[in-house]
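In the two complexes below, subunit A is the common chain; its partner is subunit B in one and subunit C in the other.
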Partner chain A sequence: MNPQAKRPNPLIGFASTAIALAVALGTTVVLLLLFGSDPAHALTSFFGGPFSSSLAWGNTLNQTSLLILTGLAASVAFGSGSFNLGGEGQIYLGGLGALAAALVLPPGWGIVGLGLALCAGVLAGGVWGGLSGALKARWEADELITTFLLSAAIIPVVDSLITSPLFASAGSYLITSRKIPHEFWLAGLLPPSNLHAGALLVLPLVVVLGVLISSTPWGYRLRLLGRSRAFAHYTGISLARYSLLPLGLSGGLHGLAGALGVLGTQHALVQGFSSGWGWNGIAVALIARTNPWAVVPAALLFTFLDQAARTVVLQGQFPFQLSALFQAAILFFITAQLVPVARRKLRGKP
Partner chain B sequence: MAVLATLSHLSKTFPDNGVRAVDDVSLELNEGEVLALLGENGAGKTTLMALLAGLLAPDEGEVFLASGLSPGLAAGIALVQQHPPFSPELHLWEHAILGLPGRHLEKKEAVVTLNAAVARWGFQLDWHQLCRDAGPLALQKATLTAFFLHPLRLLILDEPTAALGPHEAETLLEGVRAWTRETQACAVFVTHKLAESLGWADRIAVMRSGRLEALTTPAHTSLEHLSQLLFPSGLAATVPEDPLPPVEATLPPVFVARGTRADFSLRAGEILGLTSLRGEGAEDLEEELTGLSPLPEGQLFLGGTDVSQHSIAGLRRLGLSYVPSDRMGRGSSPHSPLASNVIPYQATRLAPGGILRRASVRGYFRSLAKRFSLQGEPGQKLVTLSGGNIQKLILAREMDQGPRVLLLAEPSWGLDLEARRELYRLIRLAARKGSAVVILSSEPQELLEVCTRIGVLRAGRLQGERPTSQWSLESLGRELLGVS
Partner chain C sequence: MSLPFDLFTPLLLAALGALLSERAGILNIALEGQMLGGAFTAILVQQLTGNLALTALAVVSFGAATSLLLAWGTLKLKADPFIAALGLNLLIPAVIGWVSFSLFGNQGVIRLNEAFSPQLGGVKLTFVAALALAVVVHGVLFHTSWGLQLRASGTSEDLVASRGLNSNRLKTTALVLSGVLGALGGAVLSLNLGAWVQGISAGKGWIALVALYLGLRRPLPLMAACLLLAWTQQASGFLQGLPELPQGLLLGLPSLVTVVVFVITSATQRGRQRKSAKPISR
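This part shows the complex of A and B:
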């Protein structure tokens, strides 16, 4: 057999993603034309809405930066063969960690205190993710289950802490904690939008993680583990250590997203403020095929869709559910082509 | 005596490795008889039984069944596999009554029924344990017992006595024979044990390389004759063109197993071959010698260090390299590029300053490819290579560690003649460079070609270990079968 004959063309992977995208956008346009009272207006607000003003721009970028973080978090775990379904709880806990630090530290600490509050968020999420890793390393508990259950269990705990005397605020109709001191706010970048200085952390983080995963021995071992667990074990890689690390790192990234939400946007812990970020991060990681570099365009695309759908719903008398339908159509087509990949991955488990 | 099933010119080739496992086999099975099916590893016995049971479809030929008989428990045909499929979360009694027709059985009632059934076979079973904890032997017994609650007319047993003690084996086979007499049913059992087939079968079929070699009765044959049929003396071992130099007896041993199921003491430059029939524990030995499973008894020393408790990572640090029998699952990452498949032990060395440079990774692959004449480009996925080239890549990766001990399991499985010759050349090269080599293989012929010493794993111990020059295929076959 000619060994050259079967070499797969790397372009095929990109092309199939592009085709899936095109089909999904086509479906979206058809939906808009079918259900919109004013199709032309609906189309312009769908495709132009997310960029129509600095407010819209800023919100799009802020949401993108958060999704990049949660997308990276899911990618790190998936790419090394660990399934982290606990993003929701880890993000929420990261927010709580940042809040607690920001309320406890003296406001005079300024930027140092801000850094510590971010670290507290990372640590809180990381410990919660790492706990599942430890359970897997010690008792071979399936992280698919433990990440989800630990996350589901911690959310009501955080909810009740918000309203407890420790953190509660008086006189707000939202269920929210006290505001954190101004000294610990991440500076706004494009007022009145939600974009803040924390978003600037995200791109350097992508570069660091991208290099770590694609070009270091450590990342090589993680990827080997994700591709073929039995082979990784056979080569002498410690399954215990490499179960703990990616889940801890994944949890830490989720925690950072939660901390940014609290320190940059809400300046308090509002109940359910991060709802959906974790699941959307998983969708982003799937679109990016767990490649850390591809997470950036995938997150941008996902945010665009979300914002666009919200805009048409607000402007074009669409039923509210339609925005979810748009996203579903696009996710459906993009993830459909990933099924063979996922199947292979699951088979690769020993 | 009516015919129950007729196999007519059956052939089956496995597309994965191109092996013609069953080659034009015709055979009749009669009511009220016990047929023993003999053959060495890979002779095609299990495939033939799967064709009969309707688990596989033949490429050519046909299976004719008596009226009212069709594959499946309820329709009268059952195959008891050596490792029956099971659901880990079921209790053994639930496993046993699965698929039993009729009314719903309560636990108490079911266990009473099952205990009555099991008594016939002289077994003792705890029906309340989970299948997950039961172990293969208990599962096999439970499955067998349960099958007799069905209206069976044709029962196929794949190596039913491989894991049984002599007394249990006798009770089982006696019970099966009595059952065929009472109900005019037919039982076929696959076995390696010649004495068993002579003692309990009405007819004996012998397979070799997919073909039906002989069909006889115990009255017309003998241990000697059957052994001759399985391992013909006419087949001579081919002598390698480049024999290894003798190893000095003063050298200290490098790899030593003491008090284990296979005790040996190996010096640098020696190639020890271990062979066994299926079910004698060679698969477990592969895991135990490489730290993938804990050593159940005894001690293992590598370079003088006690490694009995070491994981595979620890053994590798002390100089073990290992070419596994499961090439695509354990030995490689099939959907990763060739370069990723050769650098697991080199990753740190190839990353000065912590960054794994593409150029140095590719450079390493190219140098390895040149020294071992490997096929393919560094970015190419492993699955695109042929089986022989994949095996050569794995061997090159492991040999490049300059191992103190090189362990290979079923190294030539699925390889063609040319690829085998190249493989044997490389294995001898490793020994010449100072590795102590262990080969676990189910093919005696292969060990005669490449090893300096050979031993046989039988009845849970290593038997007759001695220099290859003192073995022939015939004597090795007799040792395997336990015929003295």
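This part shows the complex of A and C:
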């Protein structure tokens, strides 16, 4: 640690984030201009696409609600000093949990069954995230590695369960499970878009988590851990308990995102339906600087840019996954301390 | 069971890369992307030029360039090394997909006319070279003053600075060597197969990080660790050939076994892993 380190200035943090976003966006637009087939048209659809119709609007909002969840999941882990790189697997497993419950429970249970299916998703993701926490608590196994590997281990298992006799559907052109009964569908809000009632759960959840983290002793301990594990330990916080908790919670939030995808959007488990949600959640959490309240605007912004990139690619104006490139640029620059660097440049010092 | 040369050699190369970077104090998480990129660059340049020397040059340049980018981001711009490296791990496959699609019209498989696996008295040359390299890395790390400086940069940065040495330069050099080794590991993987296949590295860049800790952060035990991990991969590949076993479980098996091995390693050598991450929020 640099002894002369000053108290962090929140304004500098915000400016750094803004610069990082601008750099990432700038890179994307320059590539679009250089390699797009029709640059003017590409730019119009890039910035106009996500708002072009109520269908596009609804899909944007639906995607935002999911990204808020995965962004919260990553924020909870990062903000308490744990790395959770296993979002992809935890989301997928959450989807499987919800699917299994929705197929097993009698359709007559209606809303109760729906609630149970959501819980099953949360539980499945939470257990998988919590497992890494437990491994860290018990044996000091670095969660950076175990979350990633456990996620990599579970994805092919879920893939193969979809096509197993347990869940398989006959005669679909997608690799997908059977449809869940109508009784367990989350109602659509803005048909024909993907937006559904599950999205309404998300904002209250942000408030609950935001309050928990910013104004309870429990949240204070989590934040302390995020600042310095050693210091937190000296103040008497149980490192073991607080390794398990954030990773379990983070996994549960990932699981909920997967469950919403299955119960609200797909109404079945389609292979790879949640691919990329976990990494995007990490990007969102970092844009929000792991602050749960800031996750909402960060997710909105990220979804807008992600959908924009997808529109351009779908319309054939750009040859490859522009959104992956944008995502990569965000991750590369988002934690950089760009403000001090820019300031030194302006003053002409080395 | 035969020796898993084809899995072992790339893994050892990447793990040596992980070792150098970790010892210098900046663990290279981008190895997975660099292996993929190395594998693709090798097939691409070999396909276009047919010249193995040019191919090797391209692969080395690719590894060095991506590492320099990472060093610039983390040491100059002070980005979090883990997060910036994740960015690279996402960037590289995206660019590969783009290049592959523009040049060959598909993102899946690019096949060469021949595979490259030069032999020396019945043993693969790359295998011998990788073993020799492990010995060289051991010698350099523990028996040269530069190796001492590198290790000091990882353990006591202040000491390095007080001796008038540039810790950032040491870290950059270590990252570049690490990236070159990762890219070469990838190239061995794809040239040996004579083809580029999407996702060819199959997590080896991550497994290399596990091998690093399993190998006690020293080059010679690292060889044993890589052998063990390569064997488990081979075993699960073999089991996948048996139709009566559930396939998904087996595809997940290498990762699962790696986790178990990693947990055992962690339990037996507590407090010797990655220094706890810096806080990300500011």
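One rule holds for everything that comes next: the second predicted complex is superposed on the first by the 298 of 350 C-alpha atoms of A that agree within 3 Å, B and C clash if a C-alpha of one lies under 4 Å from a C-alpha of the other, contacts with A are read in each partner's own complex, and residues count from 1 in each chain.
One rule holds in what follows: a contact is a pair of C-beta atoms (placed from the backbone, for glycine too) under 8 Å apart; a residue touches a chain by one contact, two chains touch by 3 or more.
Predicted, not measured: the structure shown is a model, and the values here were computed from it.
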Partner chain in contact with A:L286 - subunit B first, subunit C second, else both or neither: second
Contacts of A:S238 with subunit B and subunit C, given as first, second, both or neither: first
Partner chain in contact with A:I155 - subunit B first, subunit C second, else both or neither: second
Contacts of A:I19 with subunit B and subunit C, given as first, second, both or neither: neither
First, second, both or neither for A:F83, with subunit B first and subunit C second: second
Which partner reaches more residues of subunit A (counting touched residues only), subunit B or subunit C: C
Subunit B versus subunit C as contact partner of A:A328, first or second or both or neither: second
Partner chain(s) touched by A:A187 [first = subunit B, second = subunit C, both, neither]: neither
Subunit B versus subunit C as contact partner of A:Y220, first or second or both or neither: first
First (subunit B), second (subunit C), both or neither touched by A:T146: second
Shared subunit A contacts, counted only where both subunit B and subunit C touch the same residue: 8, 227-228, 230
Contact footprint of subunit B on subunit A as seen in their complex: 1, 3-8, 211, 215-217, 219-221, 223-224, 227-228, 230-238, 344, 350
Touch list for subunit B against partner subunit A, complex: 292, 311-313, 316-317, 322, 324, 326, 329-336, 340, 343-345, 347-348, 350-351, 354-358, 375-377, 380-381, 384-386, 389
Subunit C residues touching subunit A - in the complex, by the definition given at the top: 73, 76-80, 82-84, 86-88, 90-91, 93-95, 97-98, 101-102, 203, 206, 209-210, 213, 246-249, 251-253, 255-256, 258-259, 262-263, 266-267, 270-271, 273-274, 276-277, 279-282
Residue numbers on subunit A that touch subunit C, as the complex places them: 8, 12-13, 16, 78-79, 81, 83, 85, 135, 138-142, 144-146, 148-150, 152-161, 164, 226-230, 279, 282, 286, 289-291, 319-321, 324-325, 327-338, 340-341
